[in-house]
Structures are given as structure tokens and as C-alpha cells.
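The data blocks that follow each hold one structure.
Here come two complexes built around chain A, the first alongside chain B, the second alongside chain C.
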Partner chain A sequence: MFSILTDLLPDFLLRYWPALVSGALVSLKFLAWAIAIGFPAGMGIAVIQLNGPALLRLPVIALVEMVRNTPLLVQLWWIHFAIPILFGARSSPEVSAAIGLALSSACYFSENIRGGLLALPEGQREAATGLGIGRWCLWTRILLPQAIIDTLPASANTVLSFFKATSILSVIAVPELMMTAMRISSRTADPIGVLTTMTLIYAVLGGGIAFALRRLEAALMLRSRR
Partner chain B sequence: MYKWTSFVGAIAVSVLASVSASHAQSNDSLTDIKTRGTLRVGMADSVPSQSKNPNTDQWEGYNVDMAQNLAGQLGVKLEIVDASWSTLIPGLVAGQYDIAMSDLFATPKRAQTVAFTNAYMSLGFSWVVRADFPGDDAGKLNETSITIANLSGGAMGDVIRKYAPKAKIKEVASDNVFSPHLEVASGRADATLMDHYNNLQFLKQEGGKKVRILGGDVQFQQTPMAYAVRPGDQRLLNFLNTWIAYNQTTGLSEELRRKWYGF
Partner chain C sequence: MLDISLILDAWPELARGIATTLAVTAASFLGALLLGLLLTIGRLSRRKSLQRGCEGYVALFRVVPELGVIFWSYYCLPLLVGLSLSEITCGIIALTVIAAAYVSEIYRAGYNALPIGQFEAAKAIGLKEWHAWRLVLAPQILRRMTPSLINCGIDTLKNSTLLAAIGATELAYEAYQIGNTTYNYLTPFSFVAFVFFIVIFPLSLIARRRETRLQARLR
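Let's look at the complex of A and B:
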């Protein structure tokens, strides 16, 4: 039974499936990193943009605009080559990718959250001030939780976009799914089979992430129904 | 194999390097390597020359064995720095490694950006055409109705223009060396030019059934392959040339060529 199954599978899959699994895990690892660093940083950036001192606000706005208006590919190139030259520190593909993804996702998440904050009724702030609620409590207990939940669909979209964007990391030789597939394709000279398999893996993982995000969205929406 | 690099990227990095005098690259990498105790070699994937085994995540191939021998001769440790074909030369210029040891075709155009060693090997090219392409005459490719796929940034573009100046050239930008072959197999191009070794590899696979090599087994224009160092890195260049010549006399080059290329 098993041999019938293995006979049907292409040769490269039998030989290189551990590599494809490992490549997919690297892609997911960089996605997790982009969320883990980008989301909290995005919250901070959104608050600074709306309520920070001018000295901090202006550079942060400039950074967000710079990142949002340039392609991730260009940013990765710049980070990968500018850091060694400007600071004399060597940067591995993984480190450059981590910096680039965290920076980019922070800016995108911040725009989602900023939109959510702007949509909240002004009266909430006035009421909180009138009740003597402190600024820290106002932001962390009242405004940000609402803004985050309200913008969950947009943030879920950002997460999916960054999952797909991990494939760009292959350009600076990060061994994620795309790079691994390219390597297997060169070795087996079977680009059609390998690229089809890679597409299916992306589709399955992307579908899984989208499903999980929808469940998370539904759960949080239910808890916060107001 | 021949998707080399974005020269624009290399130039941008050169400009960046030149404005950053505080971290300017030393012009004597040989001394730096000895002081550091590590030889840093940049490699981009290309089978069988140098490629990372996807399962073990280790580099292997002709140039990997060569790099190990080089580090041994220098009495230092070897560190292979991962690069892609797009970043190989910008990474060299930016000082991320001392040498780019990948199967680069040494052409005069490229030699204006980096300093090439003497050739360590040469490879011939061959035409891959649609399976239903009539006849075996390469002269038929020089027609305005013919579309030839070319891997952008590779050394083949100039060769295609030389042999088929009338044909329409379709640039394919990809890190996958077989992208131009796929253009031919899918009928979007009539032909492509690539080194004979890679053409034979593609023919063995599923997509290879829709294409054939023009003239059966005809290779032409043997083109030298060489290692690249930063321009001005003369001591390292001299050392590498001596080492390459030495390997040819001891038979190491031939032994490794048989091991990895099979000829």
C-alpha cells in the first residue's frame, strides 16, 4: 500500500520533503517574528502618532511613510547592504530579514491601529478625563483594546500579506520555503513539479492562517460585544 | 548559474561604500584574512558548482571543495556566506566576504565592476529550442519572427545578440536558472541559450520533453569561469591566480571537475 503511494509521488518530494517542511517552518518563524515584534511596536507607533510629543511624532510619521511607500524588497536590500557599510557590522541574511520584517510590519500594524483609534468617539476620552482616569489607563484599558478589536479584520489581512511577503526573503538568501523550493528545483531540474508543490504548500498554510485568524476574530468580537 | 547580479545594485553599493569612508574596505584582504583567521567566501546556488543541500543545509559542490582547499592553503578557517545571484556581487563590494566563489562567467563587461582571477574552468553554450523547431540550423534563429528567452543579468545576453541580432529577446528576471527553459517549453519563446550542462539537466525532466537541444549535442563559445574579488585587491588576486595555476598542475582541478561535473 505504502509503495503504491510512494510510486505516485514525484521523486523530488520523496527526497526533499524534510527540506520543504523546514523551509515552511522558516517562513512561519519569520511570520511569527513579524507579528510578535511588529504588533506591539505598531501599537506604540500608533499612540505616538496620535498623542506623542512633536519631537518624537515627526520622525515616527516620517519612518512610517518611508516604510509604507517603499517596497519591502527595496528595504531588505538597503538593510542588508547599508548596515555593513554604514556601521561596520556584518549582517547575516537572517538578521537583515528580521530587521526588515519587524520594521515593515510595525508600520503596517500601526496604521491599522491608528485607524481604529481615530474611529473611536471623542466622548470616551472626555468622559475618562472627567472621571479622573489617568492617561496610561485610558490608553491601555479603554482606547487600545477597542481599537485593536475593531481593526482585527484589517490586521488579519496584514498578517496574511506578511506571510506571503516572507517569500521575498529568498532574494537575500534566507532559507525559507521559496528559497528551498528554488534550491530543490536547481538540483532536480524539475521546476514545474517543485513550483507546483510550493504553491500548494503556500495555499494550505495561508488557508490555515486565514481560518485561525477568523476564529480568533470571532472569539474576540464575541467577548467584547458592546 | 549565470543569472549573475544586478549591476545597478552593485553600483549603488559602490556609491554607498565610497561615501562611508569610516568603514571603507581594506585593499589588502589577504592580510585581513590571515589576521582574522577566517576566509569568507560568498556563494550563490548553482548545481553542481556550489549549492546548499536542502536536506542537510550544508554547501557542497566543485567550488566548495575548492574553497576548502584554499582555506587549507592559507591556514585559516573557511566561512561560506550565503548569497543569492542578485546579491552576490553587491555583497562582495559591501565587504560581506573576501571572494565570490561561484561559477561566474568572466566577461569584459563584468570585469569593469569586479576583478576576476584567471579562469579555473570553461563551459560551452548550446541552444535549447521548441521540440517542433524545424531543422538544426542555428542561422534560422536570426529572424525577426523568433523570440529568444534570456536570463536577465546573465552572460548569455551578449552571446544571443551576437548570433541572432534580428531575433526578439525576451528578458526573464528570476533566480531560477531554468526560467528561460520554461519560457520555451510553454511556447512563449522559441529558443534560449544556456550552458550545455544545465541544458542537459533540464532535458532529463518532464518539462524537457517539449524542448530539444539544437544540433543534438553541439556546444560552442567555450567561456571562462573565474572567481571575483573587489577591484584593487591586488595581493589577494595575485595569490588566487598562483593557487589556480598550481591546482591545474597538481591535477586537483581536473579531479574535482570529474567528481562534480562528470566530464
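Let's look at the complex of A and C:
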């Protein structure tokens, strides 16, 4: 029974599946990092853009526009090669990737959240001030939760696009799924088999993430129905 | 450190890179406008198999990385069709196929927003069918779709840098080569970022402006 199954599977899969699994885990690890750092940072950036002191607001707006209007690959290269000049030490691909992804995702998430904040009725802020609610409480307990939930569909799209973007890390030699697959492909000289398998792995993982995000969206929207 | 003379010395390569990037983006985006139309027609068709196939296509390219499609089209496509294709050709095919899925989403949203009642009203006041489309429906739908289409074009332009990974001689690739020969990576990469910014930023401002105007009009 089992031998029939192994005969059906292509050779490279039997030999290299551990590498593919670990590559996929590295991809997911970087996605998790991009969300874990990028989302809270995006919240901060959005609030600064709308309500920060001008001295802080202008550089932050400039940064967000610079990141959102240039390709991620160029940013990653730039960061990877600029870090040694700024800090005098060579940067590992992982460190450059982590910095680049976090910076970029923060800017994209902040734009979603900012849109949500702008769409909230002005009266809420006035009412909160009238009730004597402090600024910290106003932002963290009243405005941000609503803005985040309202813009979940946009943020889900951002998550998916960063899931795809983790593949770009292969260009600066981070051993994630794409790079692993390219290595296996050149070693086995079977690009069609390996790259198609890789595409399927991405499709399954991405489909799973999209499904999970839809469930999360539905759950949060239901809880916050107003 | 930044060294402007490097840019001046390498200007022929960089100019060629800029031209290639723009040409690849334009070709891919135009291709996507057509392929996206076919996909949308397929998705609206009554034949279930065709409809499912086109829906599947759009769903697939929503989650498969752009770079994966580019590698696939560079390493697998020539083997499958038995032709030798250049890096640029493979790149254009990949970018077209990716953008078409998004374009199809935009077209379908536009189709769903068609005010059919207005079409009947236009005919009732004596407009010919063609005029009703051209004067009443098309302007509204185009206005609704332009911001998203501009954004899709911007994404295609950004994605074109990924072709550097298969050695297509677009701008990012040229910059990387200059970095490799001069050991000064910061200058060419800063230049590339600058070029993309001055092309993309105005476009995204136009898209944003049109979007806000559209929202105000729909409200």
C-alpha cells in the first residue's frame, strides 16, 4: 500500500521534502514577523500621521510614501547594502530581510488603519473629550479598535501580499521556500516537477491563510456589530 | 557612500534599464487588460466549467507569489512549449498572467456596478444602444475602474523589478550589475529607488485623488 504511494510521488519529493518543509516554515516565520512587528508599528504610524506633532508627522509621512512608492526588492537590496555602511558591520540576509519586511509592512498596515481612522465620525472624539476620557484611552480603547475592525478586509489583503512577498527574500539569499525550491530544482534538473510542486505548496498555504483571515474577519465583525 | 559620478558613468546602462522596465511594464499591463477581459467574460459565462476555471485562475494568482510565476515561466514554460524564450519574453508573460487576475477582478466589480436601469432609461428616451453605452454607461464604469487600474499598473511596475532574478536587463538588474562591478551598491540602488519613486508617486496621487472624488460622488 505504502510502496504504491511512494512510487507515485516524484523522486525529488521523497529526497527533499524535509528541505521543502523547513523552507515553508522559514517563509511563514518571516510572514509572522512582518505582521507581529508591522501591525502594531502601523497603528503607531497611523496615529502619528493623524495626531502627532508636526516635527514627527512630516518625516513619518515621507517614510510611508517612500516605502509605498518603491518596489520591495529595491528596498531589501538597499537595506542589505546600506546597513554595513551605517553600522560598520556586515548584515546577514535574515537581519536585512527582517528589517525590510517589518518596515514595509508597517507602512502598508498604517495606510489601512489610517483610512479606517479617517472614516470614523468626528463626533466620537468630541464626545470622548466631553466625557473627560484621556487621549491614550480615546485612541487605544475607542478609535483604533473600530478602525482596525472596519479595515480588516484591506489588512487581510496586505497580509496575503506579504505572504507572497516573503518569496522576494530569496533574492537576498534567505533560505525560504522559493530559494529552497530553486536549489532543489537545479540539483535535480527537474524544474517542471519542483517548481510546480512549489507553486502548489504556496497555493495551499496561501489558501489556508486566506481562509483563516476570512474566519477571523467574520468573527470580529460579528462581535463588533453596531 | 553616495557617488553621483557613478550614475553619470553608468548612464547608458541605466537609461537602457529604465527603457526596458517601462517597456516591459507597458507590454504586460496592456496584455493584462486584454487577458483580464477574456477572464471576465469567462467568469460571467453560463458554462459552469469555463466559469470555474476562470474563478480558479483568479483565486490561484491571489496567493501564488509573483516571483514563483516568473521562475516558472522562465524555467518551465520553454521546456513545455519547446521554444527558447528570452528572459524579457518570459518576464512579460509572467507579469501579464499575474496582472490579468487583478484586472479581471476590477472589470467584474465594474460590471457588477453597471446601472442597468439607466441603460433601459437611455433607450426609452430614444438613444441608440451604442450611444447609451458610450454616453451613459461607459463613462461611469470607467470612472469607477480608473483608480484600481492605475494601482494595478503601479503593482505591475513594481513587480517588473523581480525580473532581475531571472537576469532580464531591466533597471534593478542594471543597478545590481553596477554595484557588482564598482562595489558601491548604495548609489545605484538609491538611484533606482529614486527613479521608481518619481514615476510611481504621482501616479498613486492621481489614483488616490480619483478615488476620493469617486467616493464623494457615490455618497
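The working rule: the second predicted complex is superposed on the first by the 226 of 226 C-alpha atoms of A that agree within 3 Å, B and C clash if a C-alpha of one lies under 4 Å from a C-alpha of the other, contacts with A are read in each partner's own complex, and residues count from 1 in each chain.
Keep in mind that, in the parts below, a residue touches a chain if its C-beta (ideal position, glycine included) is under 8 Å from a C-beta of that chain, and two chains touch if they have at least 3 such contacts.
It should be emphasised that the depicted structure is a prediction, and the values quoted were computed from it without experimental measurement.
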{"item": "Fit or clash between chain C and chain B when superposed on chain A", "value": "clash"}
{"item": "Partner chain in contact with A:171 - chain B first, chain C second, else both or neither", "value": "both"}
{"item": "Which superposed partner A:115 touches (first chain B, second chain C, both, neither)", "value": "neither"}
{"item": "First, second, both or neither for A:180, with chain B first and chain C second", "value": "first"}
{"item": "First (chain B), second (chain C), both or neither touched by A:90", "value": "first"}
{"item": "Chain B versus chain C as contact partner of A:52, first or second or both or neither", "value": "neither"}
{"item": "First, second, both or neither for A:192, with chain B first and chain C second", "value": "both"}
{"item": "Partner chain(s) touched by A:66 [first = chain B, second = chain C, both, neither]", "value": "second"}
{"item": "First (chain B), second (chain C), both or neither touched by A:75", "value": "second"}
{"item": "Which of chain B and chain C A:44 touches, first, second, both or neither", "value": "neither"}
{"item": "Interface residues of chain A shared between complexes with chain B and chain C", "value": "77, 81-82, 85, 170-171, 182, 185, 191-192"}
{"item": "Residues of chain C that touch chain A when the two form their complex", "value": "1, 59-60, 62-69, 71-72, 75-76, 79-80, 157-159, 161-162, 164-165, 172, 175-176, 179, 185-186, 189-190, 192-193, 196-197, 200-201, 204"}
{"item": "Residue ranges of chain B touching chain A (in the complex, touch as defined)", "value": "9, 12-13, 16-17, 20, 22-23, 44-47, 51-52, 54-55, 57, 81-84, 86-87, 90-91, 94-96, 175-179, 181-182, 198, 201-202, 204-208"}
{"item": "Chain A residues within the chain B interface of the complex", "value": "15-16, 18-20, 22-23, 77, 80-82, 84-88, 90-93, 170-173, 175, 179-180, 182-193"}
{"item": "Chain C-facing residues of chain A, complex", "value": "65-66, 68-75, 77-78, 81-82, 85, 160, 163-168, 170-171, 178, 182, 185, 191-192, 195-196, 198-199, 202-203, 205-207, 209-210"}
